[in-house]
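First up is the structure itself, then whatever we jot down about it.
Chains: A, B, C and D, in written order; residue numbering restarts at 1 for each.
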Amino acid sequence: MKDVQSEKDERMVPLKKVGIKGLKWPLKVQDKKRGFQYTVANITISADLHRDLRGTHMSRFVEVLKNFEILSPKGIEDILIEIKEKLGANSAHIELLIPYFIWKESPVTKSESPLEVCAKIYAELSDSYKIYTGVKVPVHTLCPCSKEISQEGAHNQRAEVDILTRSKKMIWFEDLIEIAESSASCPIYTLLKRPDEKYITEKAFENPKFVEDVTRDAALRLEEDERIEWYRVEVTSFESIHNHQAFACVEKGWMN
Amino acid sequence: MKDVQSEKDERMVPLKKVGIKGLKWPLKVQDKKRGFQYTVANITISADLHRDLRGTHMSRFVEVLKNFEILSPKGIEDILIEIKEKLGANSAHIELLIPYFIWKESPVTKSESPLEVCAKIYAELSDSYKIYTGVKVPVHTLCPCSKEISQEGAHNQRAEVDILTRSKKMIWFEDLIEIAESSASCPIYTLLKRPDEKYITEKAFENPKFVEDVTRDAALRLEEDERIEWYRVEVTSFESIHNHQAFACVEKGWMN
Amino acid sequence: MKDVQSEKDERMVPLKKVGIKGLKWPLKVQDKKRGFQYTVANITISADLHRDLRGTHMSRFVEVLKNFEILSPKGIEDILIEIKEKLGANSAHIELLIPYFIWKESPVTKSESPLEVCAKIYAELSDSYKIYTGVKVPVHTLCPCSKEISQEGAHNQRAEVDILTRSKKMIWFEDLIEIAESSASCPIYTLLKRPDEKYITEKAFENPKFVEDVTRDAALRLEEDERIEWYRVEVTSFESIHNHQAFACVEKGWMN
Amino acid sequence: MKDVQSEKDERMVPLKKVGIKGLKWPLKVQDKKRGFQYTVANITISADLHRDLRGTHMSRFVEVLKNFEILSPKGIEDILIEIKEKLGANSAHIELLIPYFIWKESPVTKSESPLEVCAKIYAELSDSYKIYTGVKVPVHTLCPCSKEISQEGAHNQRAEVDILTRSKKMIWFEDLIEIAESSASCPIYTLLKRPDEKYITEKAFENPKFVEDVTRDAALRLEEDERIEWYRVEVTSFESIHNHQAFACVEKGWMN
């Protein structure tokens, strides 16, 4: 059976990435507090393509993932090593977006419930290996301006803190989630009884934050963590008095 | 050239709807205050299919729309009449989802800005003709429970009021938008200066509403409008202290 | 602490549904062939609200779900019974959308890989209990008209078969997936090697189907299943020669 | 009224971007062939924030857009100049995503219909001004491997060609759309009659292309255009035999 992909390509255009996107994959993920949790990852996986090859063998990306049952830094690197070898590529890349649950106790009644965040892994292997760990965490922000200028109340809303980090050592998703939540006006919860709701309303009111504030506070926390070589923080607020979003972002390097 | 669609179908299964979805169409829409506005509709259009015909001629749906440049109740009915005729169908249906702008002045500084809402038309023609008009409007809700139990502040958030109505006479989108906005804790705006933000914060604080309240207040307004034969209201609140939504809905007929 | 939700409501408007949407929940699901699988459900849960109560206690929906770890017909009914009791409601409703994997062997090389489909459960409890089981399954369709009129080739595309059923006895998701896949031109797979790709290309070419054909073939299969009291089938095809979708739908009852 | 945003910030963290996202805006866009067309843009607009300022005045972004009625390269630059001035920023950025219609004649019957593509503008002003023009165009691809190994037929599907370019001179969206369409197996159309469908089926069958082929062919065309200083091409194929996407990408610079 003819191998069209392996034909010599005369156009001589090397491709940066060739691969597959939107691949859903059942996955077991190590959890800092509870051992393991099970989830469904959305995977993008790719490799570069040499200028004189017509195509990549796309099925090999799926074959390499066949035994990918547990998420671990070592497992991710092994996948990229195998991709590079099987496809004769110079570089290989993978991205995973993962619904990830943290089980939280509500602040007063200590009612436990699961909160879903989006966990992210991105890794690339060329001459060196780099792995990025991230989270996108829903939080609560209360507007300092609205509080200051109004006789009573202050507009507040759901916001998202999106953190991506590169590190030498493994970073737990939980560590980044803690930074995201503690940088906001208040964390959010799936289950809150009335005493909890009172606590959260009052806590947020005492702790007003612009998206700019959340971004800076998260950045300062990430600067302190010696494992982290690089980071990017983007905070998006679903403004409750507008139909658009406010956002702010910062990347490692602003100290220079 | 053989007409496969017109082949006799032996399975004898009549189909309720056959048609096309996700058709984007540039459209001019009559505006209550400013004459006209231009937008891009997302159209679903279909007809039933007789049990002994193998297929519909899908291209005819697009052909019928070819001169559809202005949205009007009469134009919609004409499209459905033509669909029924060209396809020999017993019933024809169309749905349009339309980004629609209302130009609003902010409450204090009277700054004008456009707010996008989703306008909706649904129509069906079988023995009789029915047309439905609807809107999905972003608004602001402030939680009565949170206000009552907390020393200061109250959680609030962006919410959506989704109204669909059937009427004998034409209903302006603006009429339904006004009902949606006046049923919430406060309307929202694209442009607000500080005196406006103060006003809105305080107004919402004085006017707390659960999704249940917004739903009921909108329903009572719709009951009063004699043009409206049927309606459905669904209010969804993007809870700022949770990562899920709260919702409530009601349909005409609860009085019985 | 004051209970605002329990205040008497003077508007006297009973609400059809009040509840929460977009609640993500980790779940273990019974699998016809492999025992169990783990997934993340997207849950909508609600109850009606009496006309003289101001609000529902939304946190109770989450409390009722607290021990919801395994999906089963009995478990779903128990949740609705508890909702009705705790909220003093006349009716309770739940909907679950679930990423669900089927492990399939490719047709020639017998390579195994997981394919994600969307599984659906909807249940309501008022005077009686009704449970609906459904799936949305990606498949392949090849156009009979394009094949007939063209010298070579035929346009084909990814399509989705969306089936919802109500039954007295439990229906496996796998049973409905099998109906969806066998009604299309060909099933689709996550991992295909070249002999598999050849097989599928040729099989689809020999088995051309309009969305109308897929819809009718699925309907006839569902009519034959004596467990099924009611069904709805909707097939949507992501037309490869257009930028819109073609669709067809049918519901139980067309025989009358 | 106190100006909280203008407070001195002690954290000394400059922010890369602060602004608003998801702002919908009615817009008139110059059209290469038909004069003008009207559309609804989705706008992201931002500026950097000095390390000793607490917050940006978000309302000024909307104020600057108030007279933004027609899309033009000069208008975009003027908006960024005004943002920089009003906010005292070092850099300002804007991104617009625009539903844009091209009116195409079908290949044989010359039936005219509108096809929606996504047009994109991105611009940034710091010491210098850079403007990027892009399009995301739906096309048809037919798999060369499937054609080669199968006795009859070949799987094909809808794909998207995403092109972004930076140029000194203005680039028409139509110029990039032409490159995207001519790089695929075949363009797609909103309205096709049977002779057109036959033509397209046969043309695609004679012109099989992997995503890698489409990417390279588009890259070579963009290299030839002397106005273009930089480009990126990403082609994504909604594989009709899988439930995931295949993709390939390349950026200017591969010749080195």
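Following the convention adopted for this analysis, a contact is a pair of C-beta atoms (placed from the backbone, for glycine too) under 8 Å apart; a residue touches a chain by one contact, two chains touch by 3 or more.
Bear in mind that the values here come from a model prediction, so they are computed numbers and not experimental data.
If chain B is left out, the remaining chains stay linked by touch in one piece. Distance between chain centres (mean CA atoms), chain A to chain B: 34 Å.
With each centre defined as the average position of its C-alpha atoms, the distance from chain B to chain D rounds to 29 Å. A separation of 25 Å divides the Cα centre of chain B from that of chain C. Residue positions 1, 23-24, 116, 145, 149, 190, 192, 194, 198, 242-244 of chain D each touch two or more of the other chains.
Chain contacts here are complete: no pair of chains fails to touch.
By the touch criterion stated above, chain A contacts chain B in their complex at residues 115-116, 138, 140, 142-143, 145-147, 149-158, 186, 188-190, 192, 194, 197-198, 200-202, 204-205, 238-244.
Residues 1-2, 4-5, 9, 11, 13-24, 46, 49, 51, 54-56, 58, 144-145, 148-149, 210-213, 215-217, 219-220, 236, 242-251, 254 of chain B are the ones that touch chain C when the two sit in their complex. Here chain B touches chain D in the complex through residues 1, 3, 23-26, 37-40, 59, 62-63, 66, 99, 101, 111-114, 116, 190-195, 198, going by the rule given at the top.
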